[in-house]
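Right, I'll just put the structure down here and ask away after.
Chain nomenclature is as follows: A, B, C and D, assigned in order of appearance, with residue numbering initiated at 1 for each chain independently.
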Amino acid sequence: MAGNSIGKEFVVTSFGESHGKQVGVVVDGCPAGLPFSETDVQADLDRRIPLQKPELVSGRVEKDSVQVISGVFNGLTTGAPIALAVENRETRSSDYDSIRNLPRPAHADYPATVKYGGFHDYRGGGRFSGRLTVATIMAGAVAKKLLGYFGVDVLAYTKSIGKTQTDNPLSPQGIRQRTYLSAVRCPDLACAKKMEDAILDARKAGDSLGGVVECVALNVPVGVGEPLFDALDADLAKALFSIPAVKGVEFGAGFGLTKMRGSEANDAYQIVEGKVVTVTNLAGGILGGISSGMPITLRVAVKPTPSIVKEQQTVDLSKMENAKIKVGGRHDPCVVPKAVPAVEATVAVTLADHMIRAGFIPKVLKRKK
Amino acid sequence: MAGNSIGKEFVVTSFGESHGKQVGVVVDGCPAGLPFSETDVQADLDRRIPLQKPELVSGRVEKDSVQVISGVFNGLTTGAPIALAVENRETRSSDYDSIRNLPRPAHADYPATVKYGGFHDYRGGGRFSGRLTVATIMAGAVAKKLLGYFGVDVLAYTKSIGKTQTDNPLSPQGIRQRTYLSAVRCPDLACAKKMEDAILDARKAGDSLGGVVECVALNVPVGVGEPLFDALDADLAKALFSIPAVKGVEFGAGFGLTKMRGSEANDAYQIVEGKVVTVTNLAGGILGGISSGMPITLRVAVKPTPSIVKEQQTVDLSKMENAKIKVGGRHDPCVVPKAVPAVEATVAVTLADHMIRAGFIPKVLKRKK
Amino acid sequence: MAGNSIGKEFVVTSFGESHGKQVGVVVDGCPAGLPFSETDVQADLDRRIPLQKPELVSGRVEKDSVQVISGVFNGLTTGAPIALAVENRETRSSDYDSIRNLPRPAHADYPATVKYGGFHDYRGGGRFSGRLTVATIMAGAVAKKLLGYFGVDVLAYTKSIGKTQTDNPLSPQGIRQRTYLSAVRCPDLACAKKMEDAILDARKAGDSLGGVVECVALNVPVGVGEPLFDALDADLAKALFSIPAVKGVEFGAGFGLTKMRGSEANDAYQIVEGKVVTVTNLAGGILGGISSGMPITLRVAVKPTPSIVKEQQTVDLSKMENAKIKVGGRHDPCVVPKAVPAVEATVAVTLADHMIRAGFIPKVLKRKK
Amino acid sequence: MAGNSIGKEFVVTSFGESHGKQVGVVVDGCPAGLPFSETDVQADLDRRIPLQKPELVSGRVEKDSVQVISGVFNGLTTGAPIALAVENRETRSSDYDSIRNLPRPAHADYPATVKYGGFHDYRGGGRFSGRLTVATIMAGAVAKKLLGYFGVDVLAYTKSIGKTQTDNPLSPQGIRQRTYLSAVRCPDLACAKKMEDAILDARKAGDSLGGVVECVALNVPVGVGEPLFDALDADLAKALFSIPAVKGVEFGAGFGLTKMRGSEANDAYQIVEGKVVTVTNLAGGILGGISSGMPITLRVAVKPTPSIVKEQQTVDLSKMENAKIKVGGRHDPCVVPKAVPAVEATVAVTLADHMIRAGFIPKVLKRKK
């Protein structure tokens, strides 16, 4: 059943459940000498909840407060594993008693019940809850701090919610400055307003929405990633599919490339200011599993929240007969805004791992003067 | 630089280059007692090349002949690593000398040159060649034989080539019987004809096409896959992105789910013949990273072959100036048909690994009477 | 720098330092349905400190109180990672300021300072402290509970302290009942008294002692362990050398076998009550890296505590000149008694991993009636 | 059953059986740009067989001829996996038919039969044969070439055969020059003569001998190895126990340390020519799992060859009754001489892995001018 660690040189191990004592993470392999404190994590944790517009999220507005348990000494990483944890406080487990034998459609309830023989902690989705992205975000905070030290910047944002999509060109600076101004994490603020309305509409209908998160990683040097099985895109995809509700991942023009001819799809090379760059970046910065030096761009499909108030057809596992379910409890009508920092963290964690593996990040950082 | 193994209990390690002596693979963790012989591999290898219509592929029509080097004794697997290899025979390495300093757009040439300091074997794409899927296909032959022992069936086929797509409903039986009748590996034989024409058109124009490969895995039991990082979809995606030219992976309705509401996207449960099944299967048989017992369905985006005859803009790395390139050599105008058995093999390898991990496949098979 | 996890299917990840907030461990891969609570861990933690005779240990008599953070629900494991932690309370970090630049002979101070660029947490030995065995013991408590479910019993005890050794035959029952009656963890209580005296003598002289821990694992079925690299003895040895102060590991008659002839060393087979057993067990229950069904026996060499009051020659790293050091602080004059539960836990963790891998432990345990 | 790979950044995967087609190995993670050819491996393979005195070994004097299958181009490593293989030629499998149901005492026959359900390749010991060290030696040749590039030198030799032991001081230069002059691989040539006699005596008696192999690694920099689970000594021990017939491993003074006081066992530091060194090296160059910069010294206990001509008691597994066995076939009366290059290779492989992991070996070597 093991499978809660990811990475080879920057290894992330998560623990905790939605309604247990804590959600936590152990980050092993961060070089020594990196300035790091609770503040670095807290900022990212706070970005999970769009406080601007609490009606966009579930009633469970949990102000998570991180504790750095190990691996940091005098404000700098030591080279030892960094353990980070938050307490679970806002738990109303009784919400889940009535539906214990009624697996929620599109949720992990049914396969988890079979897999774990009914022993799993079903409260609040347990180990399958979107709340587990808290662990990823904490690990991502370490990764982002480390990547930042080497000039690498990872920026995620909402590309679409349901059928509302932004197609305006977005500069990295625009994304950086405006994404978290918007409650739906879309830096195109006009479009963001429409997305909010779409979510509230769905909520009113007892329904939910999905969407697409786009992410760009800047300044990744040429040569990150290994050919074949540990390809950079392969490991990014693996990590991204670990985020609950993700159903698709594509790089560069992705599925769109399948409709182009080679002469349209191939990114031509050119020399600009003495450097090799491509004219276009339809490949999304990765060729043969290795970074090309161009921005890494990817898109992640997030399905609509499975928990909806609308009545749905399910089965009663205790009686093995058909049944109806209305999912109560507190659920986000759209998890895309919360997925944005999770995608960013996930990409950062994978890049940190591969940059160490490719030799771009040393085992000890020089102390900054 | 390590990264040429995949899997935890069914571990696949590949070796070889396009123009080296051999392409080979070591499969570690196959249970003892499985009937297995060269014939099992050869059948799959033969499906790589659409001999029905050689003009659809490169001039390099290589009849690969597999050698079982270890791990099989008296026609049965022994529990020891199974090593499989084919010789590389059809190599015309001189084709590559003239373009050594001219990285082919959309190919791994440029990042590989930087990453390996120019020491990599550049002939025929070296370690980045589509020919490396031979290793995957050989490992997949072991996985498929093993899965077949437990009733699991993996079927891949061409869904689209360029803008030509089949939308006819396809039964598993139809896919099984007709996919390899078609040179483009599309079981909708009327559509297949159009796809062939599209490829020949592109070839005539010195250009290339991509497409989408769809895959379905039948009879996977409930409970395969681990939550979070070793999610079944996560590991499938990682493996699939290791196939050269893959730029996107989605499960079930994938990116399409992002445009649905929860009430449309959620697969309702029902009891049919005493079993829990879903009415629809938009989730593609995986929930929370764990198989739900429904067919696993996925789609893989394959980009157009980067090597095209049409003149393209590139750079001369020895002079660091802009240059032009016309890629000679022997290249497939569309690699989608060859990707079909590679996708099938890749999915099989990942399922075998996870079925062993989840306890569905024992360490020793009972000898068949 | 990653390297703080061990195991493939029962994976143990440790975190924490001697003087940080906590020492903790994440156990991933424990099957669902195992009865488990804080009491199970606490019993083992309490055995670390020989309260019968506090003068045998350092002044730091820390009553560790375990917290089960995740992975247990309603008194049973859930299949999710089990996180366990204790707080560090008895820390007097100031003891270490004066010797920061004076590496203690035979301690990790010097290589750690070089490896981590001086950023490591040097207080109390930091990540290299014997206190880290608390993490192993907590993980071992899970492993032992799991192994006990399958009838496997792991028993460690002190074989020798300095030159005082017990050579009396010891039955498993005797070891089980008497080991922890003795402050030095030697079930031969007459010999134990001599060992205590030897330790107190060394302490009086400002000096320290080492010794040998012996361990036996009963009822391990035939067939646990993989040939070659993941041999059972290989993985046991790896885990045992992770315990601080361990300098040698041998199985069965170990180094003694090198002086025998084959006819003396080979354990003859015989049938006893319909089972294949060996007449002797000089191989220590492992052949070709695989358990033979006989008791697994091993011996672990523990060096004398490096921290001694006696003046020693060292260097001052800040001035790069020779210096003298008398190690103050609170140190055990002999760590062998504390190593006993650590060896037991380490062996249990490795056996749990390999028994899962070999298919002897299922992924879900049947609920006990 | 997987478990045939070792290492994290320099990963060795073995395949093959004693009487199968080939014994081979895949080395993944060797940096690009290392001069390497078949000659490098062949030299080490040739050292396996003491041709000076063929009567010391089994009748199977196999001149192994290595083939470099992948990963080397124009005489330099490319960064891709290096596959190496030798053919098995000298196989007389019929020798094994008569004893198929009679497990040889102290051999892996019995546990392997149970573990693999009788499906394993039993001919010549199959996967458990000492012949598998050929794979290790081939991988070690890559590792030694790589380490040599960074000045690290690994030297193994026979310390004792049965009760005959050399206690003369041996300089690295003496070991390097004389070890392979001696058929028993002992650089103390006077003692070597006695060892030869001891082996011939044992052979005459239809019996066998074991012994101790000592190994020293020179010029390993300070800081190689990770604390706790991936300690350098832990990983060295794991790798060494993978060599068939190894029953004990100790570092520095090893088990001897358990009888010393701390004041005797601790290696005092001093400054010599501006460098921190220790006066003695009883720790064997490893402290807290990390290299200290002193020579790494270790000893490996090799048991007497289990296959002996003398009649032994065993069982007939087909009848489940007691039986007698005289092991025919061709067996070495003492495998210690063959273990010497295997120990050397094993230590080299582990050091290469850890030196890459610790950042001492870059991913691409500069081309030598």
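Going forward, a contact is a pair of C-beta atoms (placed from the backbone, for glycine too) under 8 Å apart; a residue touches a chain by one contact, two chains touch by 3 or more.
This structure is a prediction, so every number in the text was calculated from the model and none was measured.
Novice: Write down the chain pair with more C-beta contact pairs when A-D is set against A-B.
Specialist: By the number of C-beta pairs in contact, the winner is A-B.
Novice: Same residues or different residues: which describes how chain B and chain C meet, taking over half shared numbers as same?
Specialist: Chain B vs chain C: same; shared/all numbers exceeds half.
Novice: Which chain lies the greatest distance away from chain C when centres are computed from Cα atoms alone?
Specialist: Centroid comparison gives B as the farthest chain from chain C.
Novice: How far is the middle of chain A from the middle of chain C, if each middle is the mean of its Cα atoms, in Å?
Specialist: Each chain reduced to its C-alpha mean, chain A and chain C end up 38 Å apart.
Novice: Cα centroid separation between chain A and chain D, in whole Å?
Specialist: 46
Novice: Approximately how many whole Å separate the CA-defined centres of chain A and chain B?
Specialist: 27
Novice: Tell me, which residues of chain D touch at least two other chains?
Specialist: Residues 1-5, 8-9, 14, 80, 115, 127, 227, 357-358, 363 of chain D each touch two or more of the other chains.
Novice: Quick check: in the complex, which residue numbers of chain A touch chain B?
Specialist: Residue list for chain A touching chain B: 1-6, 12, 14, 103, 105-108, 110-112, 114-115, 127-128, 132, 160, 162-163, 202, 205, 207-212, 222-223, 226-231, 233-235, 237-242, 244, 246-255, 257-271, 274, 276, 278-279, 283-284, 287-293, 301-308, 310, 312-315, 317, 320-322, 357-358.
Novice: Enumerate the contact residues on chain A facing chain C in the complex.
Specialist: Those residues of chain A that touch chain C are 1-5, 7-11, 13-17, 20-22, 24, 26, 28-33, 67, 69-71, 73, 76-83, 85, 115-117, 119-121, 123, 126-127, 363-367.
Novice: Tell me, which parts of chain D touch chain A in their complex?
Specialist: Answer in residue numbers: 8-9, 80, 227, 357-359, 362-363.
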